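One structure, as structure tokens, below. Some questions next.
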Amino acid sequence: MRTGEAWTGEARTGEAPVLHKDGPNSVKPQEPIPHNYPMPRLNAIFAWSALGLLFATGLMVAYDYVRGWKWFQVEFLRIQQQRIEAELTAAQAAANKDQLKALDEQIDQQTMAIAAHRNQYLIAQKELDRQEGRHYAADEDYRFAKAVLDAKRYEAEAANLQKASDRAAKQREFEAMTKRVNDLQLILQQVTRDRDAAKERVNQWLKKIDDAEAKKKDLNAQIDLLTKQLETVDLKRPNNLLLNLPMLDFISPTLKIDQVVLPDLFVDVNYMHIPRVDRCQTCHRAIDRPGFESKKEAARLSAELQKKLDTYQIAAEKRKDTEARIAQLKRIQDAPEDILNPWRTHPRLDLFVGSASKHPLLEFGCTSCHHGQDRATEFGRAGHVPPNPKMEHRWKGTWNVAHRQWGWEENEFNESPMFPRQYYEAGCIKCHSNQVQVNTETDRRTAPGKVAGDDVTKAMQTVELYGCYACHKISTWRFTDLRKPGPDLTGIAEKTTPEWAVRWISEPHDFRSTTRMPSFFYQRNMIGPYVPAGEKAQNIRNQNAEIHAIVAYLFAKSTHRVWQAPPSAGDAARGKALVESVGCLACHVQSEQIKDEKTGEIRLARRDDYPLERNYGFNFTGVGTKTHPAWIYNWIRNPKAYYSEAPMPSLRLTDQEASDITAYLMSLQKPQFMMKRVDAADPKAVHDLAKGYLLNTMSDVDAEAKLKSMSMNDQLVYLGQRSIEKYGCYSCHNIQGFEGLKPIGTELTIEGSKALHLFDFGFVHKYQHESGKTEEVQHNVPSWIYNKVRSPRVYDDQRAKGYNDKLKMPNFHLSEEEARLITMVVAGMTKDMVASNRVAAMDARNRLIEEGRKRVSQHNCRACHIVDGSGRAIAALISDTNFLPPDLTPEGGRAQSPFLFNFLKDPTTMKIRPWLSVRMPTFHFDDQETNALVAYFANEAKAPMFDTTRVANPPAQNIAIGREVFTMLRCSQCHSTAPVNPENPPVPDIANAQSLAPNLTLARVRLRHEWIPDWIRRPGEMIPSTRMPANFPHDNETGGFKSPLAGAIDTPAFATQKAALLPYFHNDEKELRRTMSDAVALTDYLRDYIWSIGIKEMRPAGEGGVTVTPLPSMPAAPAPKTGALEKAPRPVGAGKALPVGVGQAPPPVPGFRPTK
Amino acid sequence: MSEEITPYQVVPKTPLAGSAAAEIRDQGEISRRSFPWVLTIAWTTLSAALGGLASILGRFLFPNVLFEPVQKFKAGPPGDYSVGEVDERWKDKYGIWIVRNEEMMYALITVCTHLGCTPNWLPSQNKFKCPCHGSGYYRTGVNFEGPAPRPLERAKIFIDPADGQIVVDKSVQFHQERGEWTNPDSFLKV
Amino acid sequence: MTFIKDFINVLSAASISFVLLSSVFAFIVYFNLFDGKLKSKIGGGFIGFGALLIVAGLFIKPLLYLGITYFLIMFVLAHLGGRLWDHKTGLWMLILGGGFFALSMLDGNFYLIAAKPDNVPIAAMIFLLGFFTWVALRKAYLNDRQMLAGGIPWEKTESDEKLFTWPDLVYTEMLCMIILTIVMIIWSVALRAPLEEAANPTSSPNPAKAPWYFLGLQEMLVYFDPWLAGVVLPTLIIVGLMAIPYIDTNPRGNGYYSFRERKWELGIFLYGFLVLWSFLIITGTFLRGPNWNFFGPYEYWDPNKLVPLVNVDLSEIIWVKMLGMPLPKLWVIREMFGIIFVLGYLGLPPLLAIGPFRRFYQKMGPPRYYVGTFLFLFMMSLPIKMVLRWLFNLKYIVHIQEIFFNV
Amino acid sequence: MANLRKLQEEIVNSQIWKSIFRVGIPNTNRKRVLAVLGSLILHLHPVKVRRSGVRMSYTWCMGGTSFFLFLVETVTGLLLMFYYRPTIEYAYPDIMDLREQAPFGIMREMHRWGAHAMVIAVWLHMFRVFMTGSYKPPREFNWNVGVVLLVLTLLLSFTGYLLPWDQLAIWAITVGSNMARATPGAGNEGPMSGLIKLGDVRLIHAGDDARFALIGGRSIGPSTLLRFYVLHCMAIPLAAGFLMAIHFWRVRKDGGISGPM
């Protein structure tokens, strides 16, 4: 028995051949031959494999046919179908049966009539046919002749040109032809007339029927339309089924991929930029179709539109459409089930995707803003990113369209995943990075509630306020050439004491809960739960040493100018009053105690308790503990004297005011802060740390030797310098010896495009945030950034790192909202490129505007003023709107540039609203900056930069008329016309708040000529909060204005004025009345009158406000020999000037003992 | 290595018919020489499968999406077009003439109905003339000379309610000979 | 469970698995030569070697593992005896192996690598190779037994049986095509062809691997300079393959499976093809991770894994370490020893000709002999260099950076 | 039943059938001979084959498999060329579109897996041929042709590897092609090539060495893509096709599929 046939297919050998005998029904004899494998078996295999092949083929077709996106389209069709069917039934119900019936009858009658006079009708018909025939012939003759004519003309011309012998003949032929054509034309016209007549005769019979038919059509239009739509939508219809059949779906499938090609919004394929190809709407079917909003969205929209309707912001011809739209939205709100994504309409069709919006789908697509993989046609590959862990878990569920589980898994090959929902507006930055304000003022005016673009605008403002740009280079226009966010430290010794500084650096938030100075020390990666006990102790020693070292360095290098003490001991009470009235509180917050709105109890304030503007200046809490009277006094009088970049403006305080405020501020003490126990620097720690740095450049032996040669203080100073380098203090503060160093942080300019695997997540998935909340880190870039800024050292958890290798980013104690905003900006900083024509605000005008806006935000103008539509944080403190600083939204159109220039440089040149106690401070703008602001206001209002209207002199009679109108409208009730000194006009009667209005003699030098009448006509529209009454109400019929004097002029009350006015109208009363009812004319007269009484000149800007220059510098006090803290405190007598230097402690506080 | 080894030798040359025998045995059971069902099934399924594969190759030739220039474009407000003028501004980009006369506007597709050349608009003779075979069309697009079998085609034209601009959609075409020029989408009342 | 995983992780380290395979390889392949006496003798040798390993293993853990496995295998083989070939035992072992592979899929890290679409064919190749090697050797074994018993190989018995191409051959061919088509379609439906992010010249993925069939070469690059591993050796492989028919003049074993008649050809070829080529590919594919670090099949490919890769040159070993003097300036002197070594290695053939290989020399005649041994020596240079690297961290034998000439 | 048989007869005896398949059902030896001789494709085969040549267990059918896979690659590859542009801006998006929208983009899968399968099949083929010692006289030359075909197969796969133009592609090719840099005397990092100088101008540098010739640039770039495309779609397939013809012909001339001599 041979082994192995079992596993080979061989047949046994050696059997005798059996010759085959013919079967009864056989045709040919089969010659028997040897086979390797028995035929029947092969046949069987053949049959099976053939079946297998068939199956496989089918499998391939199915595989190719079943695509992710189809499910979404089918589902969407179903939704549409339901819709249409509902509407259809409604329409049929509404259909006017009787009328239709009537029409049918009409048709029947007429057909009867025709039948009755059949032969007449037929005759007419025959006649028409005959005429048609004739017309056809005539028309043809004419056309052919004309063609010949063209040819003849050409021949004639050519012959002429070539001086051909027969050119005369040709010319004749041409003329003959011309004549013939004209004749034929006449004939044609004649025939046409006959034909039309015949037609008319026939039509007499048919007219009624046609009309009826037409009417029926109109009545059924709606139903027909819907039925048509239904046909295309209903997938079960045989033709739709056929068109979507697997192999036939190339003919004209109803399920198909939609795409838009965007040639100038590039996709970066590393070697070059190629057009973007968005296929998002393949699944997001309704994204650009109104009518598929979510219920919430529908409610919002309908409210919005309704508002627009009511305020006549919609053009007359559009009103009807709008009403229809509102009705549609109402239907959506009443519909049984809500529409879910991805079948929803884009929530802001007015701004995005909509064909009439600023970002139409055909030009901008989707991924250019949202990011994600263009071209993708399946959920997973499109780069969707779940906004939160909860959603992530749902998405990961196995594919189920109904439950909106997509079998999602992270795709590490997608280079630009989408921005999660809460960061959508990060997408704006790509094109709007060189704008301060992404949306326009009109966007914000017209839309109530949250406006697209507000988020990212605020986000960028937040980044600016926290000064992220200082440590992290961000080389976009928005974040370049900004000042260092922190105060100048080159004179720190003049301002405060080492004791305070040490405590401050080790935890700023203990001193002020709202401070923006972040906490560098004692963070989670130093003393957190994951740090082993032994290491923790050492870390604490090291950190303490570093803190002392930094302070030592700062004070050693500080200047020691002497500041003159306040001349008189001020009155704290008066000081407080001043602080609250002159406007300090616009930028500063008075105390860190705040009453919680919800619970009502007193708690520590957080930054987000106040608008960004009020966090601009520091919180007054404990300022008395921090510094000393002389410094405050001089600082508030002229901040620039302390350091030139100081953001604080001068309020032109008198000596008395200054002393009072000083007294008040000194009264704000926080003794318990100074009682916080602080150990002296541990010499060993200092030594070791310092040595660590030395070892980079020298050997162990040399390092030791060097350290031996240094005193403790020298070591401290040396270590201080190193530590300042390490923590990058100099990025935010000016510090001697660190001029022009490059910032410490990673550049963020294209952080958003950094590959995910380059972000170090450490071992963190879930962690407990400092606030006690448990945070989950998702594996995507925004989530990484978010948690990074929320808890900067978190990615060191469970890491074993050397002391100097640990993460260094300080903790800003950001609220979740702040973190979200900052994340938005960082994630939005991508390397994506767009064609130059897509970059926003690149034209000259917009550049000027943005430059201005940048300064507005730098100088925190919005703290007091409303600038293009938003701001005026101070309003929270002043109950009576009459005493608020002005709304500057229309400023550009309102103020003349020269005035604005003068006023900005030196507000003392004119007091427009003498009754205000809030002062316009002196910012010490240089000319360039002032010009930038002026240019901004002018351009934003589309007003000319330089207007010469000031010299316009109105004709006497206009003035006279104006004066009469002025009296008739009783303007003088509020506006004084008495000449005044612009620098110090009399304060009107404050008691009668209604009468508070600018003196009109100041108008001429200040206001724009063309603005005045416009303002008088529609003050409310320009400044909603104004007290100026609208004397010329809107006229909704004409869209113009009504005039109050129209009828009034004839009332006896105005008899005298009428008499006075008539002469100017040639005593023509009609003319007079016409004028009196003409709002435009009246306001112009008023303007001319006001113009005539105005002063013609104002004082040019002086240096503006008082300035204080420091006394000649004293020799710098010797740097402390030992650790700055070993010095015993010496009492400081208030009032008399003392050199303020290192080792100078503040006035002794009960219970305060400097630590040894 | 329990079993003993039986060396094989060269088998004397016999008409070796082992499996033939097997075959016959097998067929002996089913009616011999009967109709070859198995083979018939096999061949039919195979040809079906091959047919399927072939048609897959066919289907492969028809892409699911096209990267052609957009068929639908905005042509500005009607005010941009003066009466009695054949406007050629979209000819190069989208292959469209927009004609405006006293009562209506319509968009003609710049493809000769004869062999698909692009005719020229000759203002002097007030007609479209195709350089390839001399077909001529009136301003209305109706052919009157040369071999062109039918008038030029019109594209769908309408006003976008959102912003009042003209929209031309080339993907929808209207043939005069089919009487489609009466369709309200084929022209714009002005 | 984890112990087994660790065990395998350690075992599959290139150094260990390679030595293991090479030594066991000889045993497996030459197995069917052994009659009882020879077996006991050689077996003894093997056992001695194993014992040695165990002893060394007491000091070096990996070697202990090596020794243990080694013994296990020896035991199994010795126990199986010829049944490895004449019964389906080998097949069963393959199937077991497959089962183990499937089982390993439960391990996350293993799955991550083995289930990569591009690696699937290689996994399949492992088993195909195993199976076909077994088939071939089995048939060889059966034939050899026949011939021992004075018979003739199976293929010869039917060498003059002729079948009609139609229908026999044609039919089979068609069936093969159909079935293959089915396989291709189902494979394509089951696995998506990989597509990563767009090409980016500035960021290279970690690890960056050549196409899988060149991973053998890439693995060689660890031990040789590119000019050898990337250029010379591949060329020689091709040349060598082409030269085979002209070097191997052994008239027997032509057209049928046999081992006894072609011990040397088969031995060398199998070693080259299975161990030096396929095995290296498999290592390069499944066991080389980020930074071309070595990872056991159940290890996570951690990009941060650090492995000391400090190497020394022969010149340093001799001049600095042994003679305790600085390296000579002149490279001729510096590399003297290396050059001598290399020349000596290449000078072996004549020596062998009068030595152990006398028989070949006489049988083949000078030209064939020299070409053959030359190629053979080049082939063996790879394992030699590998072992040297593992034992002495030897980087270069000859290191003349002056002219990029490194061996 | 009977009718079916009649129908079959009708078809088989019809003129059309006969015109295509000269012989009817080859059920007599003569017809069997004619069937093979009479057809272009089949006559690559001899009329009769040695029994072992038909036996899977003997041949493993690997040569045939390789050839068939070559055909598969040709067909699928040809189809892929409809949707693929070998330029750095479109290569990648086109491949992506094969997955996203192209009808039967699965052709790409088939092409790639077919390539892998082919490489393996060719190796195993060589393996088998060696194991049966079928390179021995008179088959030495055919063995050499086979070796060249093996190399060509690898090159085909290698050149194709770059075309998707994704990270996998360019880095695999970068690593693969960098070896050429070290060609002795021809690569700018190869032994001795540093000595080839004109004055102190190196004649062999990154701009003109062996690797440059291969990839048409100092680094993988547009020209590499184009070169590999041309090699992959034209040059190598033609060469391979030609050699295959020789290979098959020799198989037959050298006494059929292996088998003892």
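Letters A, B, C and D name the chains as they come in the text, with residue numbers starting at 1 for each one.
Here is the rule we use: contacts are C-beta pairs under 8 Å (C-beta built on N, C-alpha and C of every residue); 3 or more make two chains touch, one makes a residue touch a chain.
This structure is a prediction, so every number in the text was calculated from the model and none was measured.
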item	value
Identity of the chain that, by mean CA position, is farthest from chain A	C
Contact-richer chain pair [A-D vs C-D]	C-D
Separation of chain A from chain D, taking each centre as the mean of its C-alpha atoms, in whole Å	58
Length of the line joining the C-alpha centres of chain C and chain D, rounded to whole Å	26
Rounded Å distance between chain B and chain D, as computed from the means of their C-alpha atoms	35
Geometric centre distance via CA averages, chain C-chain A, whole Å	64
Per-residue overlap in chain B, given as positions that touch at least 2 other chains	6, 8, 11, 16, 46, 56, 59, 62, 64-65
Multi-partner residues of chain A (at least 2 other chains)	7, 13, 25, 33-37, 39, 46, 50, 53, 56-57, 60, 63, 250, 257, 269, 271, 277, 279
Sequence positions of chain D contacting 2 or more other chains	5, 29, 32, 51, 54, 56-57, 88, 92, 96, 101, 103-104, 106
Residue ranges of chain B touching chain A (in the complex, touch as defined)	3, 6, 8, 11, 14-24, 26-27, 32-34, 36, 38-39, 41-43, 45-46, 48-49, 52-53, 55-56, 59, 62, 64-65, 67, 70, 72, 74, 125, 144-145, 160-163
Chain D-facing residues of chain C, complex	118, 121, 124-125, 128-129, 132, 135-136, 139-140, 153, 155-156, 158-170, 172-173, 176-177, 180-181, 184-185, 187-189, 191-201, 204-205, 208-214, 217-218, 221, 225-227, 229-232, 238, 241-242, 244-246, 248, 250-251, 253-258, 262, 265-266, 269, 273, 402-406
Chain B-facing residues of chain D, complex	1, 4-5, 8, 79, 82-83, 101-104, 107
Contacting residues of chain D [partner chain C, same complex]	26, 29, 32-33, 35-36, 42, 45-54, 56-58, 60-61, 64-65, 68-69, 72, 88, 92, 95-96, 99, 106, 108-114, 116-117, 119-120, 123-124, 126-128, 130-137, 139-140, 143-144, 147, 150-151, 154, 157-158, 161, 164-172, 174-176, 178-184, 187, 189-195, 219-220, 258-261
Chain B residues touching chain D - in the complex, by the definition given at the top	35, 56-57, 59-65
